């Protein structure tokens, strides 16, 4: 049998080589939905980090007790609980952001990234590795969200993190970028670009 | 014996000498009446618009094919059509940067990413136009068409479709037919569109099924709408000559690449385009729906092709 | 009459104007993953539509009867222990996400078993998609949307009943089916196209989806337009009647 | 005989325990945070009340004092086409209990999606004091200009009769200038206000 | 005799006719060459089996090979001479076949070609003689004469012209369309061997017991229509004048145009009660049955813009293309492409020393201008190919599916129904080699079927 | 109040969990799918290129064939012997030493060595070109139109002057090129030892016919096969028997056979790039 990667490998792999968005193409709905500005994207990434970290750690702790046919249920239960917690925290302490993200926070429950990490890593390896994996993957996820959000926010509103970077006097916003078509087009082209770069590197 | 190197190839060894380039040049010829009308009504605005789009479309085609490492494909003239049709579908007032972005998007995202000529699913010009229309809605929405400061009178008026939708002002049929109204520079003259369009159909460059079925569908729906509620709806003639209907039906919906290949498919396509145009004109937030109707039906075209495979000769 | 118009408008909006995939970005995974062949896409579309409707029914019922503040079932049970007043304030909405995901998972399981048992042929053609659906956010999204129209609505008139909930879910599913089928048609066509290597596969699919989304933006406002037209004609009708 | 291990529920003991535990945990979180969330929702509206019922000078004065207004929340239900319709209204009172004005929450279809807004009325419900858009999804750059102060300021001191949107230069007191390129959004806002005022004018006056 | 007008089929193409090169050139007679090369597989079906050995002497008309099965024919020597060692040649259709050379020595006196023509087709014909032969006798004599379809398909004619109780045939159609541009072989036959054609038509219909006897001629050949209908007076032959359109001469389209029946894909004409034969074939049938002459010579039209003096030549089978071309004054300086057959269906070849087989109805030589192929672009999905395809297929899809080797797609679009007429590629503005791609696709489909 | 909420919440969750675990338990039992552990294990070992080099549709197919049909363990050309050993271990059998199969192009004629070349207009595809006669006289030789190039997913093939070159550093031995070649010019050969010999011609005809069409072809004189039994005549064409090559008894005879071949350069070798 192949040996399981170490904590460090897990951490590093999650960022680029196994990037959940550009490489594994998992959990694309929020990637498209919340990337019309950086703030929302980063909040989303934070929420994913929290849920993934908690779920990975908890699953890893109870991995000895899992029955094969029931493990997915346990994962779901764990994930759904943590997502509810994040959601309520946002509603309590970042009310406006919570309103802006709307249903996409609860949709983390069905985000395949988390369940696949529980399955691939947490249910097989120890807490330490699982945590490293969660952080690595979350950083990878955050980088991906940031790349898309940067393009969309700057072109779509002339701003970055809410600060104006392209002066309104000369810049006409490309409104389409913050609307649904812009999300698809930006991600599609960025994905093409990453494919091109990695092919070239080889 | 012969001085030549003998050539071998597969049959047939004759061809009717129609080439892609000739087809495309025929389209450009058919656009001449429309261009003349545009120049007549919009003067240098039209010249500027078409020239900017044409040049940037050609440049984009050259640039992107080069980036792909392919031979330059300017000589097939299809990029020129994209440029001209795009220019004609923009308002006289659209600033230069809008035209340039539209051309680049049209050629880049509308065409080259799919593999260039013949491979694209969506009409490149309409992809470009939709992109800028959604991006710069204030410049290309109805408000954008009006420019009080313009030195050409018609540009300071509201577009007829919009005037009707907003204020219920009945357009003059005479003006709609000949074209001295505001609007996208190529669409205003129904007469010019008809002349060019009929030339296209006679030359078999465009299939007559598409414009015909679009026009008939539009007539049917607008007649129904008018009969149900004459007070609030434009007449059949208004729908037919107003907006971009004829321009779209003859020059845009007929793009062979993005419309179905079989006769039956073309009829279905036309009925679809006509129906969506009327749905959007009657109910949507926009005064006009040609562009969206064409894009939506382009998307369905592969399915239409798939579902209208003709029965082979003798097949039961 | 007004009720029917309401249902129709919810349907049009869910299927076309605010298409689940192209406007709300939910169900992207199957939209990209299962859109390579038209027949597969249609199978997936109908499977989703079916499950989404069942899940919507379940979540509507659970929310209305158990979870929302003052829901009949939970306040009935609570009234054994505390005063009626207090009991009607019991608020279990915090459980909603968990309950929904379980409702979805069990309806998928249930549908799978039912179809396998009674329609083995059907199972062969679309059963393979069922497990995938559990992690399809379109379903959970529909449940959440329904919830947002039940809990925390100012005006009791605006609280959704079952009919509205099912209209949203069913036509949301139909909208998904339309989008994925169109996409599959296009992707079959793209197989014979000369797409740059780095754009092949998912990237070009996303770009096509972007252009489709532009097209679907044309429907913006059709619901208000329809509403205006329909209410007007129904007023005419009422006057007659 | 079946072994205990073969019973489904026994196999699932972990799930059952986790379920109970999580249920309890979540309920506790609800108890802790629920209040705060509710507060957020109410505050979002309540903190707007002063600026919606007071004039600018009054508002500055109030802020300088660091005082706050007394706000009373009521739901008013009116009959319309044989159907009940409820409005959330907020009555602002001085410290002495005298009414300053009312804030009404109303909503309706905009260009793209629902628009939700607040508007403030004077104490006799005869003049609009100001409006505030709570929620809208109009097109950025066009319809979403309804959130700009410049446009909203037109509503100051408009009489509570049917407002009308005009495209070129408002002349009459009941006219509002449309946002160029977004007549529909502009009209939607006015329609929402018009219909709420029509429903509420009498009930508010009578209170 | 009756004449019907304007029958046709739907779709198809309208290539320029180019018949002017050779239509007014009377049939000429080439001297027998000293060496001929007889390909052993000249027909569809099993190859013929050599019945002589190297160094054997044969005389004019002697059998050199036996029929190799039911769907096969014997082969006769067109000259007097000695059998040589077998060789291999690449035929214009790309097949590599065994060829047996026959070489006439110095003392072998060759029969005059003109005399052979006279014996086969000339002189007086008495149509009453037809009555003397029974259906079976006719088939047998056809078989012995080694006749294959001269319209190009080279299907053994005795198989086609044989009464079969399982598939009764009520219509016998003679294919005199010659819809290929340039070629005038059949046209000259109709003008110069009219009697033999009428006799052959009657024999053919008798062989299959058909009541309906039709000769289908395109309306661009008024001379031929005139003379054939004159000679057919007093018989029950109908002349069907058909619209000039490519591929009017294709079997299925001809049946549709004349008797309005549609042959299902993959089925034979006999499934709708029809049999179709080319005029040249039918003349050879007459010569075989009534004059007992084997098929050793045929008329070959050498034409095109790259030929000095286009001619219709009565020539021995097995003569090389080079000899025929030289008989016509050779190639012009700007000749670019040699085609065995017409330009629509014919095969281009590079080696003029290849021998002619029974199915070669003509040689078309195109000059540089006519052979010019415009540069290929991507398909613009214009649908012209769809509007041209007489089989109602979607050629562009077939071509693209073949190019991508997507056999499922190709079969979904019914690739095997294509008979490679070339109407699609003729019309295509993108100049896609549609037919070539379809051929490749069909070969892949067949290979996958075999597996 | 609070205890009630908490217990109601827990209760609701419990009921759900019960229902759900019941359904799942039942489903698990009713629809248990037999997963063959060995197949899984082999799947993990196989490289997952799904290239078809093993003559199965994909890696999984091959894994199943090994377990269920007793297929040999050394068919994976990509994984090579390491992979074969791993599979052998799983299956508990002895791995037969397998040399990697690599493509060799059995036609060396460059454009100027091919006779009867005519100008060809049409689809740039060898398969399509086989339907046009007269492109070149030899109907067995490489057409140089690159179906093999297109078939190779690893960019290992290039064509210059009508002659095909394989870049063995990029080639993984999937055999796609060999399957794509309509003229069967590319043969998959075991790469073993320092030099891999081959007879670089595919023309099956007799001497005269070959001489007519090609200067460097195999004329079928059979001298080589008379000298050494490593060579076997396939009709008029000489072929090397690689099974015998490994255990060559008489290397001198082989050397002599190579020496005596009248077509110089016809029998040649490729230096094993993997040593």
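Labels for the chains are A, B, C, D, E and F, by order of writing; each one numbers its residues from 1.
Convention: a contact is a pair of C-beta atoms (placed from the backbone, for glycine too) under 8 Å apart; a residue touches a chain by one contact, two chains touch by 3 or more.
Owing to the predicted nature of the structure, the values given are computational and were not obtained by experimental measurement.
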item: Required minimum of steps from chain B to chain F, each step between chains that touch; value: 1
item: Selected pair, greater C-beta contact count between D-F and B-E; value: B-E
item: Chain at maximum distance from chain E, centres defined as averaged CA atoms; value: D
item: Distance from chain F to chain A - Cα centre to Cα centre, in angstrom; value: 41
item: Approximate Å spacing (C-alpha centroids) for the pair chain A, chain D; value: 33
item: CA centroid of chain B to CA centroid of chain C, Å; value: 35
item: Centroid distance [mean C-alpha coordinates] between chain F and chain C, Å; value: 49
item: Residues of chain D whose C-beta touches two or more other chains; value: 11-12, 15, 18-19, 22-23, 26-27, 29-30, 41, 111-112, 139, 141-142, 184
item: Chain F, residues touching no fewer than two other chains; value: 5, 8-9, 12-13, 16-17, 20-21, 24-25, 118, 121-123, 128, 131-135
item: Residues of chain C touching at least two other chains; value: 91-92, 94-95, 98, 102, 105, 194, 196, 199, 204, 207, 210-211, 214, 217, 220-221, 224
item: Topology of the chain contact graph, where touching chains are joined (line, ring, star, complete, other); value: other
item: Interchain pairs in contact, sorted by label; value: A-B, A-C, A-D, A-F, B-C, B-D, B-E, B-F, C-D, C-E, C-F, D-F, E-F
item: Contact set on chain B toward chain F in their complex; value: 5-10
item: Complex interface listing, chain D residues touching chain A; value: 11-12, 14-15, 18-19, 22, 25-26, 29-30, 33, 36-37, 40-41, 44, 135, 139-142
item: Contact footprint of chain C on chain E as seen in their complex; value: 378, 400-401, 403-404, 406, 409
item: List of chain A residues in touch with chain C within their complex; value: 25-30, 32-33, 73, 76-77, 80-81, 83-84, 87-88, 103, 106-107, 109-112, 115, 176, 179-185, 187-189, 191-193, 195-196, 199
item: Of chain E, residues touching chain F in the complex; value: 87-88, 90-94, 96, 347-351, 373, 403, 433, 436-437, 439-440, 443-444
